[in-house]
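Below are two complexes that have chain A in common, paired first with chain B and then with chain C.
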Partner chain A sequence: MTKSKSAQLRFVYLWMGIILAFYIVLRFIPIFNSFRLSFFKWDLINPVKPFIGLDNYRRLAGDEDFIVAFRNTLIFSVFLVSLSLVLSLAFALTLQKKFRGKGIFETLYFLPYVIAVVPAALSWKFIYDPTNGALNHILGLVGVPKQAWLINDRLALGSIIAMSIWQRVGYNMVIFTVGLGEIPADYYEAARVDGAGVLRIFRKITLPLLTPVTLYLLIMNTIEAFNIFTPVYVMTTGTQSAPGSVTKVLVMEIYQNAFRFFKMGYASAQSVCLFAIVLVVSLLQFSTFGRRER
Partner chain B sequence: MKAARTYGRYLLLSLVAVVMFFPIYWMVSGSLMTRNEIILIPPHMYPHAPTLENFFLLVGHADFLRYLLNSVYIVSISTAVSVFTSLIAGYIFAKFRFLGKRTLFVLILATTMIPFQTYMVPFYVLTQKMGLLDTYLGIMMPLFVTSFGIFFIRQNSYAIPDDYIDAARIDGAGEWRLFLRLIVPMLKASTSALTIFQFLFGWKFFIWPLIVTSSAKKFSLEIGLQIFAAQNPLDYQLQMAGAVFGILPILLAFLFFRRQFISGISLTGIK
Partner chain C sequence: MKRSKKILVMILVMTVFASFLHAGGAAEKPKQKQTIQVWLGWPGLLEVFKKAKADFEKENPNVELEITAMNLRDFEQKLAVSLPAGTGPDIFITSEYIVPLYISAGLVSPPPEKVAQFIDKNFDALVKSVNRFSGPGDSKPRIYGVPHIGIARVQYFNKDMMKEAGLEPKAPETWDQLFDAARKIVKYDKDGNITRSGMSLRIFGGGSGIGEKFMIKLVQAGGSFLGRTADGGWKAAYNSEAGVDTLSYYLDALYTYKIDSFEAKKDTDAFVNGLTAFYDRELFPVPIIHKTSPNLSFGTAPMPGKVHRGTVYSTESYFVPKSAKNKDLAWDVVLFFQREPYVKAFFKDQGWIPPRTDIDFSDIFKIYPEYRAAFDFPAGYRLWLYPPLAQGDEIITKFANKIAEAFKNSALAGNRAAIRALLDKLAEETNGILKEAGILGQGPIVAPGDVIEAPKDMGYQYK
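Here is the complex of A and B:
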């Protein structure tokens, strides 16, 4: 028995050692360095990298680009998360019962989620094209004048949000479907016997029992929304696309500072801010919803 | 009344389905048009003279086949590594006791809340120091471990009865053999769910390859497509053909394994 015990220990420490090494190199060191670099004037090309304390953070407070990016990210997140959650719950509820053709609808709604982001964004960019895009053509049939969806600064962010909702809704729907399936049928039965209407059942049974799933989706979607990059990058590159500052988001700002201007220290300070915001928002959501659950 | 409600529901569902499918349809339709057709105003809603010339052009001149192979290579290997590390770590966390277990698990779990974008800058600096910029290994590296995967496998490993494991030990199976022959097969459902999840994640992972890759030889499909589109902003027919190229592998896999995809993704949501 002792021989087997020591074999077990060897197995555990060997593999956990390897996993730990992976984590140290691929996660812990970079995360720690994100904080460390933010206290330095750390230019990729300049060999002199002086410690400057909180200067990067002080500069952030007055940085117009950063503030705009922050505001855009906030707008993006609020709309993407709320609209995609409401829509996907509506889809999941509609597709809950068995009926003919259900599988086809489920597949079609889920499809955008499995599609890579760059192709999807290119297709949307083409649809949004002001001169021969499909959206203007279709809206034109009902008399809506042509719009420059990605160029007009009042429409650009909303247009990117629409595309992101389209990609995100399928995933949320599938997770909501699982949550709905776990609510015992007896509950609905009992409520119906008591004469509760559809809306009342939804408010008193479905929604409260769905809270853990909703909370999970809320936090996951918020983290993803705050870190949005690819659709913005694809749709704002090249001509016929959004002007950079109107749709600039936090990760875009970090990307440009770090890899276009090589100001890695400053970009790290922005990363730390992004991290702090995501953390605070997640904790807030957790405490509000977690408490209501109890 | 009931029939009217049923029709109403189908109508609504179909309307949404059209909106959801339209961008994909539009991509395919555009990819089959010539340049002269795609610039027409008002636009043709379907190709009147469908042609595959755009695809030949992409494969012939723009190296899209190479991008595709790069993507398949990068995503397959990184998915395999991350599924393996998740399996072994998840199983050990669930079934063994060892020094520092709790601390390590909490540390690993905490990183799920920290998205890659927040530490990509130091990651780049580190990759540069390791001399791995613009290498396949460098591109794949961030995907080698996944905290979510470790957590997911750990949860599913609890369902394996300890008696099974002990019985195998008494029969003289070594720990490694035990893991490969007994544990991995018992975790088949969660392994395939995680594989699908990681594969999709890897395929969509854009920002890191964008930063770390500099030579066209190593472009993934996503990067190659984005750069190609930026260089040919007015050739929508070529962009759409490239986009179709970019979605085809996953789309085919999805249509063949639809059930596994959807149930796999739904498995990953349960905690």
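Here is the complex of A and C:
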């Protein structure tokens, strides 16, 4: 190795090391502490933390509230991830064609992603208002009766999913667009010469070559979906929101146990559980799509 | 890499590093001014506090008050994290069901003698009795905070709607009278949807609010939420005939008589817009209604009842944490906020009742006679108090989430056996939480744990 290359490597290791040190302090140590706390009983206030072994985890298994929150989060994640990916791929494919105003459409689809979550959720709460909301007003023009979007327990979770899809689609579309741009045009040309139709080209060329991008979006969207909190919190507090546990999600359950009920040890066990679920799901996705890529 | 580029990269990284060190930190304050931080969970009170802050800083130019009002749940979370770490405020305002945990952990300072004497001399007996707690080393419960407000919920009724229905425009005193009136007032569209509810029930939106309104009805049905056993322990008491009557109240309103629904507009919003005839709340809507709907003909009254008339009573007080750097100054600030102009401003403009016996409030009652409902208790009126337990919020929130699910179950309407079975199941969860805390009582309940008879005279000056 030459002297200058060695100097360059030293430089890289030095500054990467500093950044890694920050990452360890700000990420790994809190995660490790959370894991450690899950074996203790702690009310956040008292310095005394008795060690209780696996009691917090045993309690999780029979905790109805946790099971309901997990079920809601799973439903939320499945629908958000699948629908937002399908929609965003459809938009990305449409925007592959050159047409007038293409830039405006790209901007409009991406705008929801850059809006902060809290004002976006508040706006949607007004849109969904059963008495004065815009959605009921528009649907009323075509004869659809007024719906209690965030109150009706059959519609509440779906309404939040719809809002989250709206916010997510733009980002996914941009990533898919990048991925589509990487596919060599020659492949499409060759396929067309061989007489392949649009659908066959999509199935045999576009989809397989988009696998790395799809895998990335699948994993990132899944992680974000399982960690959903802000839109649910903003849209379901107040006197006009879904009754009971209809929209309770895992992070809300963890937050409530930690900061309202002062059960930090138990909340830590729930966090570890959430971490494990997301890890397993991500690994499954890696292994399924990784095989396809090979 | 060129040397100049290396230097540039190093400067960039050091800048990022420096920004991490300052992340979340406030800028250094000039050393000559002392700062007193005040935190509260009611943003609506900020205007009055701003006026008090300006006046205090004028009198004390070497002191700066930083008053932060935030959403209630965010405030409680911030308090939970900062007080044990010693990074909390110098003064915080909270309720008697939140503070016991901090006091028992030794995180709150008891007031000095002059403040204790001020409290003893100028506040009503009820607010003082509700605010006695035991900290480490206390041989008996004592007062730790200066009471800020004492709140009894009242019923609101629309006089015009009652007249329109051929009823005398006065507040119902019994459940039967309330239901009769609501049934005459409710209106539907051609599809059978409620366009004007007879009464507005709190049936969703945040656990402990639902729980509190349920407690009001439970007291009126002659019950209590928790009971005391002979060994001094606590036990769920709502799985009783009174509890069945209470849940039946909601189910009858929603399904048997259809005088309210999940889709109907709720609460103050519904009342000011003429979309409901009766609802329960604190006094703060009164000035709002006068301001936004001056033509609305309404009244307030003590709550009706089935066995007793009754309501919920809760308080908020100023506390000084042990971690406050200048406790004497902090208590001086608290006493400043107790001056008559600010106390009256909280009451008049915001509807929050200062539990003071030394201030004449009759001028405020001339402007807002509706405030009397929170003071003129009828004989035998009952008050439900938040249980003084660290687990209180958890118990009530979890109960409320489950009872809100029950509100959706139309099959329960009229089925007392099924309602009782449901309440017994919920009581298992409540008792489980009490058992985990080591305070579950054994044996039968010998006394209500959270209901008292209201004092005949609170001692306020307003007549």
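One rule holds for everything that comes next: the second predicted complex is superposed on the first by the 269 of 294 C-alpha atoms of A that agree within 3 Å, B and C clash if a C-alpha of one lies under 4 Å from a C-alpha of the other, contacts with A are read in each partner's own complex, and residues count from 1 in each chain.
To be clear about the criterion, a residue touches a chain if its C-beta (ideal position, glycine included) is under 8 Å from a C-beta of that chain, and two chains touch if they have at least 3 such contacts.
All figures in this text were calculated on a predicted structure; none of them were measured in a lab.
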* To do: Would you check which partner chain A:Y216 touches, where first means chain B only, second means chain C only, and both and neither mean what they say?
  => first
* **Which partner, chain B or chain C, touches more chain A residues** => B
* **Which superposed partner A:T131 touches (first chain B, second chain C, both, neither)** => both
* For A:L80, decide between first (touching chain B), second (touching chain C), both and neither. => neither
* To do: Kindly classify A:A148 by the partners it touches after superposition: chain B alone (first), chain C alone (second), both, or neither?
  => second
* Would you sort A:I115 into first (chain B), second (chain C), both or neither based on which partner it touches? => first
* Asked: Is A:A269 touching the first partner chain B, the second partner chain C, both, or neither of them?
  -> neither
* Figure out whether A:A92 sits in contact with chain B (first) or chain C (second), or with both, or with neither. => neither
* **Which superposed partner A:N227 touches (first chain B, second chain C, both, neither)** => first
* Touch check for A:W15: first (chain B), second (chain C), both, or neither? -> both
* chain B and chain C footprints on chain A, overlapping residues -> 8, 11, 15, 19, 22, 44, 131, 237-240, 259
* Residues of chain B touching chain A in the complex -> 6, 9-10, 12-13, 16-17, 19-24, 26-27, 30, 38-43, 85, 88-89, 92, 96, 98, 104, 107-108, 111, 113-115, 117-126, 141-142, 144-145, 147, 150, 169, 174-176, 179, 200, 203-204, 206-207, 210-211, 221-222, 225-226, 229-230, 233-234, 236, 239-240, 242-244, 246-247, 250-251, 254, 258, 261-262, 265-266, 269-271
* Asked: Okay, in this complex, where on chain A does chain B touch?
  -> 4, 7-13, 15-16, 19-20, 22-23, 25-31, 33-34, 36-37, 44, 91, 94, 99, 101, 104-120, 122-124, 126-127, 129, 131-134, 137, 140, 166, 169-171, 174-175, 177-178, 213, 216-217, 223-224, 226-227, 229-230, 233-234, 237-240, 251, 254-255, 258-259, 264, 267-268, 271-272, 274-275, 278-279, 282
* For the chain C and chain A complex, residues of the former touching the latter -> 1, 6, 9-10, 13, 17, 20, 73, 76-77, 80-81, 83-84, 101-102, 105, 107, 191, 193, 202-206, 209, 262-263, 265-267, 269, 390-391, 393-394, 397-398, 401-402, 404-405, 407-408
* **Residue ranges of chain A in contact with chain C within the complex** => 8, 11, 15, 18-19, 22, 43-47, 65, 130-131, 145-146, 148, 151-153, 236-245, 248, 256, 259-263
